[in-house]
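The structures come next, written out as structure tokens.
Okay, so chain A shows up in both of these, paired with chain B first and chain C after.
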Partner chain A sequence: MNQFLQQLINGLSIGSIYALMAVGYSLVYSIMNFSNFAHGSVIMLGAYFGFFALTLAGLPFALAFFVAALSAAGVAVLLERLAYKPLRDRHAPFLYFIITAMGASIFIDNSVIATIGPTPKTFPSELLPSFLQSGAIRIGHVDVGRIDLAMFAITVVCLVALVLFIDFTRLGKAIQATAYNMKASALMGINPGFVIILVFAIGGALAGVAGVLYGMKYQVFPQMSAITLKSFIAAVFGGLGSLPGAMLGSLLLALIETFVSGYLSTQYRDLFSFIILIAMLVIRPSGIMGKTAEDKA
Partner chain B sequence: MMLSVHDLHVAYGGIRALRGVSLEVDSGEIVTIIGANGAGKSTLLNTITGFLKPGKGEVVFKGQRLGRQPARIVKLGICHVPEGRLVFANLTVHDNLLLGAYLRHDRRQILADLEKVYGIFPRLRERMKQMAGTLSGGEQQMLAMGRALMTNGELVLMDEPSLGLAPLLVKTVFDIIREIRGLGKTILLVEQNAHMALEVADRAYVLEQGNILKTGRASDIAQDPAVRAAYLGTKSVAGGR
Partner chain C sequence: MRASSIGLLLAALALVGCAGAQKSNTIKIGWFGPETGDSALWGQAELNTVQMMAADYNAQGGVDIGGKKYQLQIVPYDDKGDSTEAVNVAKRLVSQDKVVAIVGAQGSGEAIPVAPIMDEAKVPLVASTATNPKVTVTESGQVHPYVFRACFTDPYQGKVAAYFAYQRLAKRNAAILMTIDDPYSTGLSQYFKESFEQLGGKVVAEVSYTSGEKDFRAPLTKIKAAKPDIIFIPAYYNDVALAAKQARDLGINQILLGGDGWPSDNLISLAGKALEGCMFINHLDFDGPEAQPMRDEYKAKYGKNAELNSYMVHDALMMVIDAMQRAKAFDGPSIQKALETTDIQGITGHIKIGPEHNPVGKDAWLIKIVGPDMKFQEKFSATS
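Moving on to the complex of A and B:
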């Protein structure tokens, strides 16, 4: 029972970070119908921004977080303007977008290796808030890591804010309308280019937050961008293009992973992740909560 | 003239869809464009609202030459009820209508217009909290019209509003078109249902294979033998055309 609870808590913590990353994939997909594989690189850059804001610039922790979110949003928008907009202007087929995304990702990752270097960086614990400096909190027979707790709390705040924004604001409704039908939303006076910038900025900001959290829990290193592929699997699992789907998929995937790691072996973890991906694509390609053909009609 | 289209040529996908179309719409008029499927009617409306790029020719609205940015054209005062309605099925009826007012900031006037729209379409008020995707075809058409009215554009472009509706609903739709004119709107109506369109319109253009064949008062066009044979359901040409 204790082991079960322990795995549950680990799963929720990892799942929350997946969710923060997965919504970025889903938001962009919902508007542009392609998977932005450069998203992981934005997450990685976000982690570095946060790390340097804290260590080099000596900013307070909360401000470093903010800087990471803002810079990652800037990178994501820049990526859209430089890499994807030229393709959109030429009405390029969607395959070009995916190839461009992969190219951009390789470029960003290797730029980081070439300039900052491949050595992982660890967030110095003395610069973290005092709450995060000491060891795990013991509740009954279960250890709850302080960073895990912070990850979960910050994620919940971010995702609730995102859902409120999407569901209850004029801009959020504009995003939903554009996701449903770009032509019809343009007829309402909604500028598709603006909505695209908006979703890249939101996805990028959340990527920055996720990157810092991930870097705090583990380390900051260039290959982080590849590791975030898991969150893409989670987005597909939950249904690409659906925000609740991305969140649910992330939690489920992370729980399955931690239980496989805990009860079978860590070696089987990724095997299960990819089995889930393939099985989902075969049985229900639209994912748990994704748009089906008739919803779209 | 509120809207003038000069010598418009549009080609896409290797098809020359419009081959020099000119037409004018004056303030307060209902003008209809009738023509067969594939004559270029929707192409014309989509070019006016900036979705298609003309190879030649221009569209002038209230003295301004229109470009290719639909969102800006909406702001100038043209609203477009698109073919196939294109309501936002994933949002409520109420949200669909509010999105029509996306560019407007006059909150009080928006609420007044919302009341006006619910007045014209009581069915929409009954279903305001329902997802638009759950509406029937006729209700979706009403929502698309109401949503366009919420943009507060002076010129309303309507693309096949009666398409796919039961005969009784078709009549309702045309009654509503008259009601919308009563609000002081100018209407450019594209229709395959030439009979109803000519009844409601002041003037008409007959579009065939990307060319304007005839133009005149709607009542005169309705009496034209060639038009009667081709578009008003004379048995000899029933079917496709």
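Moving on to the complex of A and C:
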């Protein structure tokens, strides 16, 4: 029972990171109808921004977080302007967007390897707030890592803020309308170019936060972006384009992974996650909460 | 237009070819290892070391072979720590670059698939830290004629670790956390387990993860439930640092014990306090007098500390140079023949090549992590 509870906590802590990453995929997909595979690289850059803001610039922890979110948002918008906008202007097929995204991702990852270097970096614990410095918190027979707890809280705050923003502000409504039908909403006076920038900025900011959290929990390294592929699976699992779906998919995927590696073996973990992905695509292509069954490129 | 430019290209290539052939006073030695990826730190340390050594020899006029001086040229390739990539670069080194010997191949996972290529090309390989027995001996028990190594092997390392855990630390229940897709890790686990159980100990949990994993909480929770009194982690330093931190987070406070995948200048900075008091088996004492000249030269030249791999690849290259000098020749078969009778004093101990192409009777060193330092604890002779 203790082991079960501990594994449940382990799963939730991984799930909350997946969720932050997955909403970025989902947001872009809902507007642009393509999977932005460069999102993982933005997450990785966010982690480096946060790391250097804390260690080199010596900024306080909260400010470093803010800097990471802001710079990652900037990178995401820049990526949209430089890589995707020329394609949009030319009405390029969606396949081109995906190839461009992959190319951008490889470019960013290798630029980091070439300039900063491939060796992983750890957030120095003495620079973290005192609450995060010492070991685990014991609740009954279960140990909860302090960073995990903070991560869960930050994730919940970010996601709730995002949902409130989407549902209750005019800008949020504009995003919803554009997601529903870009042409019709443009006719109603919503500037699609602006909405796209907004969506990339929000996704990028969340990516920055996710990157710093991931870097704090594990390490900061250039190959991080490959690991974020899991959050893409989670987004598909929950239903690409649906924000609650991305969150639910992330938590479910992380729990399944943790229990498979905890009770069966780690070797079966990826086998199970990909079987679930394939089964989901066969049985219900729109995912758990996806609205329509569209081409999931 | 196009035909003429191809003609020009061919002419240029022919010129380059001639230039290469004329440099007969140069000996090419291949090196491959990870310059990128998880173990890039070690690969870069090896490459720095062999280039430093070649520069030192060349500054003195070259290596004396049969009364004539030859310049050393290192031909390096990045294998990214990947076995497929290692096979590709090894083929390139023997067929295109025509090196006389190769040093490096630090990981067993890369050295094992490369071994048959060396036999076929008749070019000797001296592996630096590939400790799995299958590097020099095939599955069916035949020795790879052209593959040698400068390090001790995993059965020995596993035995020393088990002996230390059981006899010195008086631990009876061990758990093992291993990398399931890495022959180094699975091999060392198996040898540790065999020796530990032979001594009378019990392995209460044997759990694994796949390489590239960053979250070890699920397997660690399994280990915690088995209540071991020591945890053996035969993995590379980055995994060890992550696993150690997460283990402490889960309230696992037992001593962690490891092998020669641990020593790295980055280990302690990555792990923070999580590895305090933990121990590992090493090929030398970093602070010992044998290591000092190279430690100082490396530090002065590159501004950072030499890694374990620096010392190991140093000895591997020394073996090759010694073999060429004794053979008074530098063709593959001659070097191979001389390597079989290697008997030299390296930085990492006395290297006398045995019938299975391993150094026989090399000592193992037990190192303890104390604060920011790696402190030498005890030396194990191969005879004990």
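Quick note on the criterion: the second predicted complex is superposed on the first by the 292 of 297 C-alpha atoms of A that agree within 3 Å, B and C clash if a C-alpha of one lies under 4 Å from a C-alpha of the other, contacts with A are read in each partner's own complex, and residues count from 1 in each chain.
Throughout what follows, a residue touches a chain if its C-beta (ideal position, glycine included) is under 8 Å from a C-beta of that chain, and two chains touch if they have at least 3 such contacts.
What you see is a predicted model; the values in this text were computed from it and never measured.
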| item | value |
| --- | --- |
| Which of chain B and chain C A:N181 touches, first, second, both or neither | first |
| First (chain B), second (chain C), both or neither touched by A:N2 | second |
| First, second, both or neither for A:S125, with chain B first and chain C second | second |
| Contacts of A:S261 with chain B and chain C, given as first, second, both or neither | second |
| First, second, both or neither for A:N191, with chain B first and chain C second | first |
| Winner by number of chain A residues touched, once chain B and chain C are compared | C |
| Touching partner for A:H91 - first (chain B), second (chain C), both, neither | neither |
| Chain B/chain C common contact set on chain A | none |
| Partner chain C, residues of chain A touching it in the complex | 2-3, 6-7, 10, 13-14, 113, 117-120, 122, 125, 135-136, 138, 143, 145, 148, 218-219, 223, 227, 257-259, 261-262, 265-267, 269-270 |
| For the chain A and chain B complex, residues of the former touching the latter | 170, 173-174, 176-177, 179-181, 183-192, 295 |
| Touch list for chain B against partner chain A, complex | 49, 51, 69-71, 74-75, 79-80, 82, 86-91, 95, 98-100, 102-103, 133, 147-148, 151 |
| Chain C to chain A touching residues, read off their complex | 36-38, 40-41, 180, 207-210, 212-215, 217-219, 221-222, 224-225, 238, 241-242, 246, 248-251, 266, 269-270, 272 |
